[in-house]
Every structure is written in C-alpha cells, then in structure tokens.
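Chains here go by letter, A, B, C and D, matching the order in which they are written, and residues are numbered from 1 within each.
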Amino acid sequence: MLLHLHPQSTEEDIRETLSWLAAHNNEPVYLPGAGSGRIVLLAPNPDCREQFGLLPGVCKATPLFSPYKLAGRESCPDDTIITVGRIQIGGGEPVVMAGPCAVESREQTRLAAQMAKEAGAQILRGGAYKPRTSPYTFQGLGRAGLEILAEVGRELGLPTITEVITPEDVPEVAQYVDVLQIGARNMQNFALLSAAGESGKPVMLKRGLAATIEEWLLAAEYILRTGNRQVILCERGIRTFEPATRNTLDLSAVALARALTHLPVVVDPSHGTGRPELIIPMARAAIAAGAHGVMVEIHPDPCSAKCDGSQALNLAELKTLVYEVNATGKLMASLATERMEKR
Amino acid sequence: MLLHLHPQSTEEDIRETLSWLAAHNNEPVYLPGAGSGRIVLLAPNPDCREQFGLLPGVCKATPLFSPYKLAGRESCPDDTIITVGRIQIGGGEPVVMAGPCAVESREQTRLAAQMAKEAGAQILRGGAYKPRTSPYTFQGLGRAGLEILAEVGRELGLPTITEVITPEDVPEVAQYVDVLQIGARNMQNFALLSAAGESGKPVMLKRGLAATIEEWLLAAEYILRTGNRQVILCERGIRTFEPATRNTLDLSAVALARALTHLPVVVDPSHGTGRPELIIPMARAAIAAGAHGVMVEIHPDPCSAKCDGSQALNLAELKTLVYEVNATGKLMASLATERMEKR
Amino acid sequence: MLLHLHPQSTEEDIRETLSWLAAHNNEPVYLPGAGSGRIVLLAPNPDCREQFGLLPGVCKATPLFSPYKLAGRESCPDDTIITVGRIQIGGGEPVVMAGPCAVESREQTRLAAQMAKEAGAQILRGGAYKPRTSPYTFQGLGRAGLEILAEVGRELGLPTITEVITPEDVPEVAQYVDVLQIGARNMQNFALLSAAGESGKPVMLKRGLAATIEEWLLAAEYILRTGNRQVILCERGIRTFEPATRNTLDLSAVALARALTHLPVVVDPSHGTGRPELIIPMARAAIAAGAHGVMVEIHPDPCSAKCDGSQALNLAELKTLVYEVNATGKLMASLATERMEKR
Amino acid sequence: MLLHLHPQSTEEDIRETLSWLAAHNNEPVYLPGAGSGRIVLLAPNPDCREQFGLLPGVCKATPLFSPYKLAGRESCPDDTIITVGRIQIGGGEPVVMAGPCAVESREQTRLAAQMAKEAGAQILRGGAYKPRTSPYTFQGLGRAGLEILAEVGRELGLPTITEVITPEDVPEVAQYVDVLQIGARNMQNFALLSAAGESGKPVMLKRGLAATIEEWLLAAEYILRTGNRQVILCERGIRTFEPATRNTLDLSAVALARALTHLPVVVDPSHGTGRPELIIPMARAAIAAGAHGVMVEIHPDPCSAKCDGSQALNLAELKTLVYEVNATGKLMASLATERMEKR
C-alpha cells in the first residue's frame, strides 16, 4: 500500500500519521520526495484500510504492485542521490572509484591513492577483508588494512569504500570507511545485508554472479528495509559460457535497473571483463547505458599485486578512463536535457 | 606437502610428529586412512623440508599438487563415510533425506516425518531459518522451528538436517540437529563455512547456483581446514538458459566430484528440477551417476505449503522414489564389485 | 485440432477421411496408434469445423493444445519405436551406437567397427562431413568417407549413422547410411530438417548447444511435418559456465522429453562431458533418467585421432559401458513394470 | 605464414608472387593495406619455405599465430571499411539500419521505410525468409518479400539488407538486396557461409546465441576464405540465465572484436534486449563500446506486427535513437583523435 502525501502536508502531519500507522502494525516507511513524499506500508493492516486515505497529510492511498516496495520507482519516482563527503553518487556527474584490489601495505596503498587522486578519481577503494575462492590464498590484512585505507584516504582527501564480509565485522568496518561494499558472493547473505543497512553508512551492493535483476533489487530491499536509504547498485558481470572475458558485463541490467529503481547504479568493468584493454571502452559504454559511475582496480606495480594484478590499470590508463568517462557523462547529461525539452 | 605414514607407525609416532610439525609452523592435518594414514601440511615450512621424511612414523614426503589439499583424493584416496545415528552416508547404500521445505508447524512437520518414515527415508530435513529472495515472504520459524524439528526427529527416530544461514546461529542450530546444511546461496560465505566446521557436526555443503566444481570443492576446504572432516557435498542444480526446469541438475558434477574427492556426494532433485514428474527419474539417474543419496522435499498438503509446495512429493511418490533409489543403489554396488573383480 | 478414430474404423474410412480433409485444406496427418489412431490437422479449416466429428471412422474431434502438434504425447500417447535393421530404438532395450568421431581411413573405421561389434554395440557411427569450428581443420572425407562407412557397416552387419550438414547432400548421404544425424549446430537449420525428413530415413536430431527443450521439440516438428515419423532425439550437453566439462549434459531434458513426447531419446555422453572418466557413469545415468540408448565415440588409437581423440573410449571401456548400460536398462524395464502393476 | 609486401612493390610483383604461390599450393590470399599490403598463406607449403622472403615485392615472411588468419589484425592491422551505396560501414560515422522484422506487405514495408528515411537511418532491413522456431508460425513472404524490399529501397534511395537461410537461395537473394545477413541460428551453417561469401556481396554475420567470440570470428573466416572481404560482424545478445531481457547483449564482445579483428562490428539491441525501453540506451552504449553502427526493428503499427512487434520502435523513438547514436559516434571519434594525439 502506498500513501501519497499532500504537497502541503506538514512535518507534524507526517509524524502523526507515521506513529499512528506504526501503532497499528502497518510497518510504515516514509520516503521524502520532490514536492510530495510518500509512505510505503510494508505490511498494511487490513483493518486500517478505510482510514489510510483520511490520515493527516495523506492525499490518497493506492495499492503497491511492485515487488520492490522501497527500491522501485513506483514508491519513489525521483532518482536518489547519495552524498559521500563532497561527492554525489546518482547526480548529474559520473563518479570514478579507484584503488587496489587488496590493501597490501601502507606504501602500496598510498601510491595507488596518489594515482587515483592525480587521475581525478573521487573515491578510494581497497580490500581489507578479501573473500577468496581458496582458503590457501591471501585473505587480506583485516583490521590493519582498514587502518591503512582510512589513513591514506584522510591524507589525500579521498572518501573510501571497502568490502565487508560478515555481519559481526560491520560495526568496525563502518568506523573506518565511508561506504560499505557487499560483494557479489554475498549478495544474498541476508544477515550481512541487514547488518550493513543498520550501520547507517551508504552501502554498495554488487550483483551476484548468477543473480537475476529481480533478485538483485530484492536484495537491495533487505538493506532499505532497515531504514537506510543509501544503497548503490553495482553491476560487475555475470557468469556465462564465454571464456574470453572473466565475466559477461551486463549493461542492459544497468539500463533496466535505471528504469525500475530510483537507486544509483555503478559498474565495475575490472571484474566485469578481467581484461585491461576492455576496461576503458566498457567504462564509456556503462556511462552511455545510464550508469552513474564506475569502479576500477589500479595498482602501482600490477606485476607484484597479491590479487587480480592482471586487470589493474596504470596511471596513464586511469587518466584516459577518467577523461573519457567524464566526457561521456557530459554528453549523456546534455542528451537527457534535450529529451526532456522535446517532451 | 604430503607425509605418508608407515603402516606400522604408532599413535605415539603420529602424535609426536604432529606436535613437532605444528611447533615448526607447518599447519599439519592428520588424515587417518585404511592401513596407513597421511599428514597434509597446509603451510609447509621450507626450513623443515629436509626433516619431513625423517620424522617418527613417516615413510616418505611428497609434494601435494591438488588445489583441494584436504578434499582431494591425492591426500586421501579412500572414500569418507560419515555416520549419522545408525545411518552411513558415503557407504554402500544410498541415503534418502526427506522432509518439508520449511517447518511450518508441529502438526505439518510430524505428518511429513511420518511420511518419510513410512516410505523408508532415513533422515528428516526441514528448514527453520529460510533464506528468501524477498524480505516480504515467509522467513521460517527460527528457533521454534528447530525445536519442532528436533522433537519430531527424536519421536520418530530420524536424524535431522537443517540449514544454517549465519555464523552466529551455528552453535544453537548445532544443538538441535544432527547435520548442518549450508545452502547454495551461502556456498562462498566463508565465515559461515568456518563456523559450521567448528561445530564438529557433519556439514552438507550445497553447490552454488553458478559455482564451478572447483569452487565447490575449495569451499569444502574451508570446512575441512577447521579439523572437521565430516563434509557431504550436495549438487542441487545450476543456473542455465533453460526455462523448463527450475535449475539444470548437473549430474556430471556428481561423477566428477566422485573422481576428484573422497567426500560423499548427494543430490537434491527437488530444487534441481522444480518439477515433481522429474524428481524420481533424476533421483535414479543421480544414483547411477555415483551419488550416495538424495534429498527431496515432501509435504503432507503441498497446496498449502508456505514455500516450494509445487515441487513437494506425496507419500506414494516418495515410496516409489525410495524403492527405485534403493534398487538402483543395489545395482550400482554390484556393478562396482564386478568392475573391481575384472581388474 | 485432433480427430480421434474409432477402434473399429477401417482403412477405407481413414483413407476417405484423409482425402476429404486434404481436399478442404486442413493439412491432415494420420498417426496410427495402438487400438485407435488419430488424425492431427496442422491447419484446421474453420469452415469444416462442424463436419470434423462426422467424418467416416472419426469418433470425436478435440482441440489440440500442445505446440508440438506431432511430437507431443497429446496427439500420440504411445512411445514411437523405430526399427533400424534388426535393432529397435525406443523399445524396451537400450541401444548403444559407437564409432569414431570421423571416418579417417578404411583401416581405422574397420578397427573401430570391430571394437563396436565385439563390445556389443548395435549401430556404427562415423562422420564423413564434419562441421568444424575453424575452416583450417580436418573437414572429413566426404563421399569417400560415406563409402567406407557403408562398406564397413555391411561387412560387420552393423547399421550405420552419419551426420548430414547441408540439404543438397541429403539424397546422397541417405543412399549410404541407415540413419541421418542432424548435429547440434544445425538443430535450427530448417531447410536441412525438411530435407532430412523428406529422405524417409530415420533422423537423429541433436539438441542445440543453447536450445531450450521447447525449441528442440519444435525442430523435431519440422521433420515430422514432412510425413517422416522416424525421429530420434539426442541430448548432447548444453553450454554453461562450467569449464570442467566440455558441455553440461542435461539429463533432466531427457526425463522431460520422455514426458512430453512419444519420440525415442538417446544421449551422447562423449560430447556431453568431453572427459573419458565421466562417460560410463553418465551413460548409466542417462538410461536411469529414461534414455533409450547412448551414442559414444571410440577409436582404435585415440592419440592419433583427427578429432576429439581425447574423449574416445578404448575397447575395455566400451565393453564396460555396454555391459553397464544393459544392466541399467534391464533394471529400468523391471521398475517400469512394477510401477505399472501397482497402479 | 604472412608475407609482408614492400611499400614500393608493384601490381605486377604482387600478381607474379600470387600466381607462383598458388601454383605451389600455398593458398595465398592478398590483403591490400595502407602503404604495404600482405599476403596470407592459408596452407603454406613447407617445401617453399626458403623462397617466401625472396619473392618479388616481398619484404619479409613471418609466422602467423592468430587462429583468425584473415579476420585477425595480425594479417590486416587497418580497419576494413565496407561501402554500400553511399554508406560506409566501419568508417568514422555510425550507421543505423532499421526496418521491420518481416516484410509483411508493400504498404507496411513502405511505411516502415519512410519512418527509417525520415529519422535518418541509412540502410533498410526487412526479412523475407524468416527462420522461425515453430513450423506453424509465419515463415515470411519469400521471393515476394524480396521484391517488395528491393522496390521500396530503390524508391526511397535506401540500400537494403535481408537474411538468407539456405545456400541455394543465395544467388536469388543477392540479386535483390545490397547486404546479405546470416542469422544467429546459422552462424555455424558452414555451407551457407561459403555460399554467401561467394556471392561477392557484403555479408553481415550475426553471433550465435551460444557462440564464443572465437567461434564467431572463425565463422567469419569461412566467408573471408572465399575471397569476399566484406564481412560485418553483428552482436545480437547471447543466452544466459537472465529472464528480464530476451537475451544478454554482450558489449564486451564488441570491444574485444574491435581489438582482435579489422572487420566492422555492429549491434542489434532489438533482439539483444527485446524491450523497447532498453533499445536506445543500449544503442548508445554499443557505440561507446566501439560499435560501428546498430540495427533496429521498427514497425508502422507494432501491435499488428507478424513477428517481434513488442520490440519495434515507433518514429519518435527511432528519431531519438538516430540522434543519440550520432551524437555518441561524434564523441567517440573525437576521443579517438585525442588518444592518438597523446601518443
């Protein structure tokens, strides 16, 4: 059930209505919006049905059809913009997140961060807890890695993002970084989704290797349901029969997610392709398909990287990527404006 | 590194050798075997290399090539047999695990367990914590469901198996049931794998929807590495383009797992096909491909089931399944004997 | 539209009815059946609707819902049995077709055929026209290969099967062999399907690498529509993300095809797995899932084979395969009888 | 083997060298190039090895490693540009091909062509021979369709493209249209590839639903080997587990094909996505990934279309598509120039 609020509804109206709905077990969630917000009832109480339209500030009550009660455009037509430091994700300009696959040392992380900064990337990524296929490979530096990442980010003025892999680590990780990342393998680790949501930090949710778009958006619902509305979707390639690329980057999922949801969508062409020569063209294509940004792996010395070195970009490549992503972003913004004007 | 033990090595030899190896940071794991066991060094210390062959009870030291240091047949050629109550999994006779997708009530669980018992199934399955795609669908009864499952199992003399979905739940779940199940979505939830391993209980590890066979066996390594050697592999279908079946049950993965690993392998044709008319033929085929058993969903009243009712078997179907699985198992055992004799 | 014939309808009734239906543009196809046959109207003429039930020999007319108008069990409930020489495909006993991937020489083909004969295989396979991914690899001996295959088959009393890859080759190929094979790449080469159908020979139709079960059965319709009712379906593995096997052999497709259609179904575990150690277990599993036979590749000297040598079986392996396939087939027949009796 | 020609080599040198190579059974293929062309030997005769470097006009002989002897950049580093009427495919400006899925009538085709013309599309597509999954659905108008397409194209001054589905139809189809299309189902119909190559017409080769990029390029070799160098590659989506889109459009295949081959690459977002709202963003993304153009389906009255009406664009959508594809193409050209200048 969806309660549409009057443009003139007051904060007090809304507060009053929300507390009445909660008291009557409707599980209301308030979604502020341009002009008029909405209230989604996650579990509408049938006994209250006749009152919904009469509550203070409420203009009308309509059934909610979308399975994505909170992520769908049905309950929130306007794009969500997430602010991280001075960066906006989901706004008009594309964001580039860059950094090493894994934090290996202070030196390596600082060099990578300087590359990111110099090239114009806006957010620093780096893995401290690494989910690895084999228990016998490098598993990340853990808390020491978090400290390095946070310190280097602070030093260079770059907000940071890192992956969290178990619910109990969430509070600690949330103290160190600006954005929590849920990896592809954990897209349906529902306890982790809830814990990440409850941290109050922005959460970037990677699509699972074999997750449908519907499953991806329903995983986002697990985070949104905690009251945390700062969810960023990240397409990173799906598993197919094609051996020439590490995964198959599914940009139609980006275009479709943009149509179905108000959440920002970014793309990881590093994991998505696994081939350095494809990362720049696919980053441009991602923006052209509607993505709000890209996340890429870089390394000051790819040959010595402890994981995924073969797909890490060098400084010159990163500069080209940032330049071309920005140029493509500018064109997309102007095409969007022209489409609007033609209507 | 693999240390082969003398057939005559004594328990004291082994104890002494293990403690020396541990003291010198070799991460030794002892794998007893028919006649002569072996010691796997997960992290062989290069400084000790020359001593390995000279340690008490050790016959020779050879390099270990398999990525599955503990799961592979290279370090343990003989089939592992896991004992659950009076049931053996991995031995000569196929095992049938049956029960409802979710524990919904005491009544429903008891009726399903009676069906299982009457048909000759040996282990009772039932979900208490359900990982669901949408946060808005039935999530299981939780601890209350565990209590029901354990009580009904005890009443009917059936060992029980249930899914555990987060590391912190493991100790509680392990108190109630005989076998822990790791679901397909959590195959690479490494913290959960470790926690399940540490419970000391047998663990059934389902293959992920898009997991390669290599990734599946490496996930098993995460459990085995805790010292828990009671791991059962479960093939339950992979994601493909085919819409006519819920998943594509990959029985060649069963045949290949049997060749690569000493761990028992079972098959879940209910989730694997999602179509009741395919469950019995695919259960037979699973046994013919080398599986040690099958797990199926049953329900006393499929139409009212809270999840997956459409693929639940009724009593007559379950009886046929058990009968045909056993007949196929008997044939496989006799063919295996004939093959042995011909060599 | 489906016209059900009286058990007492005479040949003359049927002839008269068919000619009336054809004259009125209904595209009738007569499907004889145990007791009472049926007539399928591929393009029922609405103007004739009221007459359908009144035609000589017709008992009643019912709408036909299945998209597989001729392949589906709706229009022909009884299993189709195809006779090739003294061999029956689709009857109670499993059939083993064996032979080299490609006919390379008279000597190699004769040796392979002797292996097939000695092991108890009933049909000789061998490729003369080879559809190869690259134009720069061995493309088969063409007509010379057909001559060798036919001669060797005659010599050893083995019926033969070979692939046909273009419509214009069909008449020539049909003169040399007993069964025409349509390969996976050509499953939707509709002109080839029609040409093969028109040859009047039995046609084995392999499932395409990415064909759904529905598409496979609709491809069979293209053959059946020519009036040729001798179609054998062959599952040979589909493309998935799994790299450990050449393809993923989809045995649930076999079980489902058995439910949906009256046509015989065989399985090719050689191409389906690409690994010799999996061929025997998957052949057993195929029969247990309901297949009427298997097709496997053998070679007198696998190391020198011009294509697919790595998956060719040797004599001892083929003997084991035939023995275990027959034993599994016998068990399946007896289980089927028991299921019947219980009803 | 690859023979590099002197920039100063004369036409006579080349003629002489080619005839010597052919006479000695080397299967030479001459690939003219900017400055200096090359000669590829498809079957280098080992006995001639020492002479290769000494032949008239030859500068040096090097081994050829690429499996794509003719399609690969190794033997032809410069982009191939194909001229169709006044249109260039593979040059600096993106090409839009548009038209109905099937030619249904003169009226419908003329209306669609007028839409294409008005919107600025440059090539008219339309199916006369339709390969359909079921034999019971509309199979195209055949020769009558070809006549309509050719006439409407002539009338409006639009070059035409249509699918050819069997080798024997090639000569007739080639008389009517400017470009032959090989559909996804026929990508490995090798007789058809050769026949299309021999027509001398430009051939657009769609990637198969489950074809790897390697298989796609090797299929192009079958056409190129006939001496026809006018091959256009077309990505149209692959089969994956994702049900929300008709296929998964694999734009990384476009970026990779651009790196591996000199042939032009276009994209079909209509079949690739099957959803009208995704066609425009994916067309932009295709160009941003490096495609030389797009092919889309339009219909004057989508609701009455005999096939694929649900994915047909209307006039306003097509105008937006052409405008945005061109704008993206212009940006890509300027980014490419800037990258060149920076080197």
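One rule holds in what follows: contacts are C-beta pairs under 8 Å (C-beta built on N, C-alpha and C of every residue); 3 or more make two chains touch, one makes a residue touch a chain.
Bear in mind that the values here come from a model prediction, so they are computed numbers and not experimental data.
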item: Copies subunit B and subunit C touch via same or different residues, half shared test; value: same
item: Candidate from B-C, B-D or A-C with the same interface as A-D, over half of contact pairs in common; value: B-C
item: Centroid distance [mean C-alpha coordinates] between subunit C and subunit A, Å; value: 50
item: Inter-chain centre distance, subunit C versus subunit D - centres from mean C-alpha coordinates, in Å; value: 35
item: In subunit A, residues with contacts to at least two other chains; value: 210, 214, 238-241, 243
item: Interfacial residue positions of subunit A with respect to subunit B in the complex; value: 42, 67, 69, 131-136, 165-168, 185-186, 188-191, 208-210, 214-215, 218, 221-222, 225, 238-239
item: Contact footprint of subunit D on subunit A as seen in their complex; value: 210, 212-214, 238, 240-245, 248-253, 255-256, 258-259, 272-273, 275, 277-278, 281-282, 284-290, 320, 324, 327-328, 331-332, 335, 339, 342
item: Residues of subunit B touching subunit D in the complex; value: 210, 239-241, 243
